[in-house]
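Notes to accompany the following structure.
By written order: A, B, C and D. Residues from 1 in each chain.
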Amino acid sequence: MVKVAYYPGCALKDRSSHLDASARDAAERLGFQLDELESWTCCGAVPPVSRERVMNLVASSRILKNTRDSGRDLLVTICDFCYNTLKRTNHRIRKDEITRRRINTYLAQEKPERDYIEETASPWTDYAGEVRVMHLMEYLRDVTGYDEMRKRLSRPLEGLKLAPYYGCVMLRPENEIGLDDPEDPSIIEGFIEALGARVVNYPYRTECCGSYLSVSDPDVSTRLSYKILSSAAGKGADAVILSCPLCFHNLDSRQEAISRVFPGFKPIPVFYFTQLLSLAMGGDRDRQGFSRHHVDVSGVVDSIFAEKERQ
Amino acid sequence: MFEPRIICFLCTWCAGAGADLAGTSRLEYTPNGVNIRFMCSGRIDPEHVLWAFGKGADGVLIGGCHPGDCHYMDGNYKTMARVALLSRLLDDFGINRARLRLEWISAAEGAKFASVMNDFTEKLRSLGPMKPATREMAR
Amino acid sequence: MSKTSLPPPENLPMRLTRDTVSEGFKKRVAELSGQNPDSCYQCGNCSSGCPLACEMNILPSRMMRLVQLGQEETVLESGTIWICASCFQCTVRCPRGIDIQSVMDALRQIALDLGTDHFGPDQVTPEQAATVPQPGLVSLYRKLST
Amino acid sequence: MKRIGVFVCHCGINIASTVDVQKVAEEVGKMPGVVFATDYIYMCSDPGQALVREKIREENLDAVIVAACSPNLHESTFRTAAGEAGLNPWQLEIANIREQCSWVHSDREKATEKAIRIVKAMVEKTRLNESLDPISVPITRKALVIGGGIAGIQAALDIADAGYEVILVEKEPSIGGHMAQLSETFPTLDCSQCILTPKMVAVGKHGNIELMTYSTVEEISGYVGNFTVKIRRKAAYVDWSICTGCGQCTEVCPAKVPSSFDRNFSTHGAVYVPFPQAVPNKPVIDREHCIHFKTGKCGLCEKTCEIGAIRFDQEDQVFRREVGAVVVAAGYDTLPLSELKEYGAGRVPDVIDGLAFERLLSASGPTNGEIRRPSDGKVPKEVVFVQCAGSRDPERHKPYCSKICCMYTTKHALLYRHRVHDGQPYIFYIDIRTGGKGYEEFYHRAEEDEGIIYLRGKVAKIFRDGAETVVWGTDTLTGKNVEIRADLVVLATAVIPRKSTARLVRKLHIQAGPNGFLAEAHPKLRPVESINSGFYLAGAAQGPKDIPESVAQAGGAACKVISLFSRNRLEQDPAVAWVDEDLCGGCRICISVCPYDARKFDEEKGIAVVNEALCEGCGSCVAACACGATQQKNLTDVQIKNMITASLGGK
């Protein structure tokens, strides 16, 4: 079983741990194991990765360095926030000489004090961006391959119409992330088809859901989420699929407020991509944490299982 | 600090015009090189390069047109072949082949010429002056 | 009715000096963001593409103009820098390649350095604290702590 | 010992500010053979040149060195001046101490020291310079014009009217270029066809013009005055010599081919004439879409043609022509919509580009001049025009301004108002640029009398939402964003060089600039000439420009060709190769190396000989010669070695 270094990040270990469980389950069914890093810290989170304050790159640099020092050159994450921060930090370390030198001087201060010579400890070398950071969906697309994934489906989501939601930090800024074209992405569309479901096109797939504003200005996030969800529902989507815990929180938990403010609005279920992947691979519906969803998903999940029985 | 002496062989139509463009765009680069103007890089004889090293040059830069752009059809392809052979010859003479540099520079690439001069001077500084013994070999 | 002071007029002209338009605040923004505000030619692409523009009293393109002219007070008092959700639409679409998100970021940090307190942990409701995923809180607080 | 004079130029402050010109003159003055050395404020000025002439006589100099700007600028000026004073022009050399010294260094001491070494190298070269006379060469007084747009047409007519023969090569079946696609032209709104067709007909009928359409230049060799060009005429599968252009075949053809002339808004048969006023007005068969070629059946056109002009067995033909000069007028293209992903990447049906809107406006267009939108044919009432779609965008598309779009978009909006009185045009712009004669008045009228709304701001996104096309823009003047649910969007896409121009640049060995447009010899002083002699530029292939400028440039290029042809012989640069008969061992390496076959093997003498008329002076043979038997005049190996030694400060 191929082992892939995996960085869950804080949200996936706590509030959204059910999404982490579904990710591990799906990976196993696809023939690789998400091998969590032994020691990891918070990734520093987007957005203030400002140029002058190199300090706030240290958190993510430490994760990258630990990955390399533990002998691995690939690190997978399933949260857009961690993916954005790790990828941009890695990019800056590779591209900018000064940032690389200053980061490594900070990290050097954390050299463990050893009074004895440890043969096994690898020599302390500067981190220069050797690790490759990948989003789990990117890994499925480029390493496992969507066709391979399609073949291993035990419960294809035939007939399910899914609206892909990218949000912001998964794609942008593209010169530092380079996952897909920010104006015309296709990675989630490919993922949906690989699950056997049908893609619903709607214009708001790369528009912001309000991100952290949902805490300080909830009304703003309500308005933005309404635009996204009503557009997707309007185009006939059964559900929205995304890969960021914060967008998941906004689009899912805001729907009560939206229904109160916008009377014509019909709630639409929101899924994390690992949940649907796990179901499609034959995963157990009770281990996906559906109970924590604000918008009831049982209708869609029943249709997925119903599909299975009819075959 | 060691200031390397560079001899540049630039063809008129592309590399020479590129060097002139670096001038009209006021791009600063190191004053270590003097250009000998040729109509085409195909005119440069390996003998000239060895003569330059023999007479005290620490580095030789040959500038020609990008393949396909040569005003005389294929002069630069001949240069490419001659420099490849000459570089091996330099090894035999004990001259570091990095001292001979071939660059394709078009009439629109003033910035490229300036950065090549700066970069080449920097590399030659790190290489240091040529040893008198190898200079004698070149002569 | 002998007033000892008058409220300032509604729309004072901008007092421009060599310092406002090149040194001081503007230079600080340039350093912090690593961007050159003067390369903006006011095309307005960042404003028209910004999903939060409808919530802003001053649009992003106009913020860049105010930074170009060193208008520190107007810029730091505007709600724009706090409404910006760092979604990078502006950065991606700027024809002059300016990372406008970094400029907004720098403005937030200058505001925080001057002690502005936009949103503190005490204002988070227990229910939010329990449900909002940590990246949401951290990036929001981040506006407080750096 | 030669008596050498050195003149060091200040060039105002351009050289003197970083190079100590007095010191240079003084140092070089000490060299043996340098009998006179001075510095002067502006060598290229009349008094400067007079100084050279005067000193040549006074000091009876055998050679002169002018240390100044790049030889490309004033080498010919100073050589003429030397000639007037009785000194052989090839005894005068230029030392480039401006572009390659004073302008690129700031350290005064180092720059001066480098300038001295540059001038010393030139002194060593001139010591061994010979007096030469230009090689005179006959000129073929026939011109080749590549590209049949308005620029090519005008150039061809001007040259032909001056009495010289012209070959006009156009890759489309008909000449006319993009101008033929336009409805009216700014700023006078006269109909494009009405002012273009007479010129096209004149080309078609002109005794001096050989019109070769549906043809491309395959290969060119030789040099100015003596080019040999191979032109490939694609098989039209119609024998134009007997075809009367009656058009019967085009009506019966069942195939449906999208018309590129109408920007795919209409279709024509596989056998077609691109547009009614085509010159020549004869059809061609599009092999990919012709049912006969694909399945061997049909052949309706053949049956219909009474005089039997249809020839399915016709082959491509390659013609050889001798010409003396080439005018390149290859025209332009517009940035494909697929590049503009933020505006729907060409997948939103009601988002079209400027040329497509021209076809909608055109009376002979697919909608006979009625403005109808592509998606459902309805008359659009809300029309958004988007400027700078790809232009002025160094980060993702083209860094330059495409110059013509502000004017043609204003024209589009104005004509739209005349056709759809209750329709509302909006123009999103960054700056409206109206620099031509009568342009600003035209824009003012559009804004004031025609009710066109100008919105200052760049559009960020255009997308389809159900049946509607949504435009997200802004108005920076009010500081508010703008959303318009448009019925039709017209993008003013960037003007870009044609893909075929890049291939042409390769074949002709001329230069193209960073954005792919043809590079002129000097942007201000020689805008219609290429740096390669014998090639002239006209029209948008050299950079975005409107019709008045293209026509003016075409006239300029034609005038250059006519002045070239006015001389009966052409003086070729004499710095060519020559062979020392005693040394040459007849190994023939040089013959294989010469790209111009300027070298032949003389059977009797058993040595190689140079045809001075063909030799271009590139010198490849000299470097290839094993025993140094062949040398290049005024650039011998000995001279080069002496220059190297002097440049390194050695003796």
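Keep this in mind: a residue touches a chain if its C-beta (ideal position, glycine included) is under 8 Å from a C-beta of that chain, and two chains touch if they have at least 3 such contacts.
What you see is a predicted model; the values in this text were computed from it and never measured.
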{"item": "Co-neighbours of subunit C and subunit A - touch as defined", "value": "D"}
{"item": "Chain nearest the global centroid, as defined over all protein CA atoms shown", "value": "D"}
{"item": "Chain pair with the higher count of C-beta pairs in contact (A-D, C-D)", "value": "C-D"}
{"item": "Centre distance in Å when subunit A and subunit D are each reduced to the mean of their C-alpha atoms", "value": "51"}
{"item": "Interchain centroid distance [CA atoms averaged], subunit C/subunit D, Å", "value": "47"}
{"item": "Junction residues of subunit C, two or more chains touched", "value": "54, 89"}
{"item": "Touching two or more other chains - residues of subunit A", "value": "183"}
{"item": "Junction residues of subunit B, two or more chains touched", "value": "none"}
{"item": "Chains that touch, pairwise", "value": "A-C, A-D, B-D, C-D"}
{"item": "Residues of subunit B defined as touching subunit D within the complex", "value": "5, 7, 12-14, 17, 19-20, 22-24, 26-29, 31, 34-40, 42-45, 47-48, 51-52, 55-57, 68-75, 78, 82, 106-108, 114"}
{"item": "Of all residues in subunit C, those that touch subunit D in their complex", "value": "41-50, 53-54, 58-59, 61-62, 89, 93-97"}
{"item": "Parts of subunit D lying in touch with subunit C, wherever the complex brings them together", "value": "342, 388, 392-397, 430, 456-461, 472-476, 479-482"}
{"item": "Footprint of subunit A on subunit D - complex, ascending", "value": "341-342, 345, 463-465, 470"}
{"item": "Complex interface listing, subunit A residues touching subunit C", "value": "9-11, 14-16, 42, 45-48, 50-53, 56, 79, 81-82, 167-169, 172-174, 182-183, 207-208, 210-217, 220, 223-224, 245-246, 248-249, 253"}
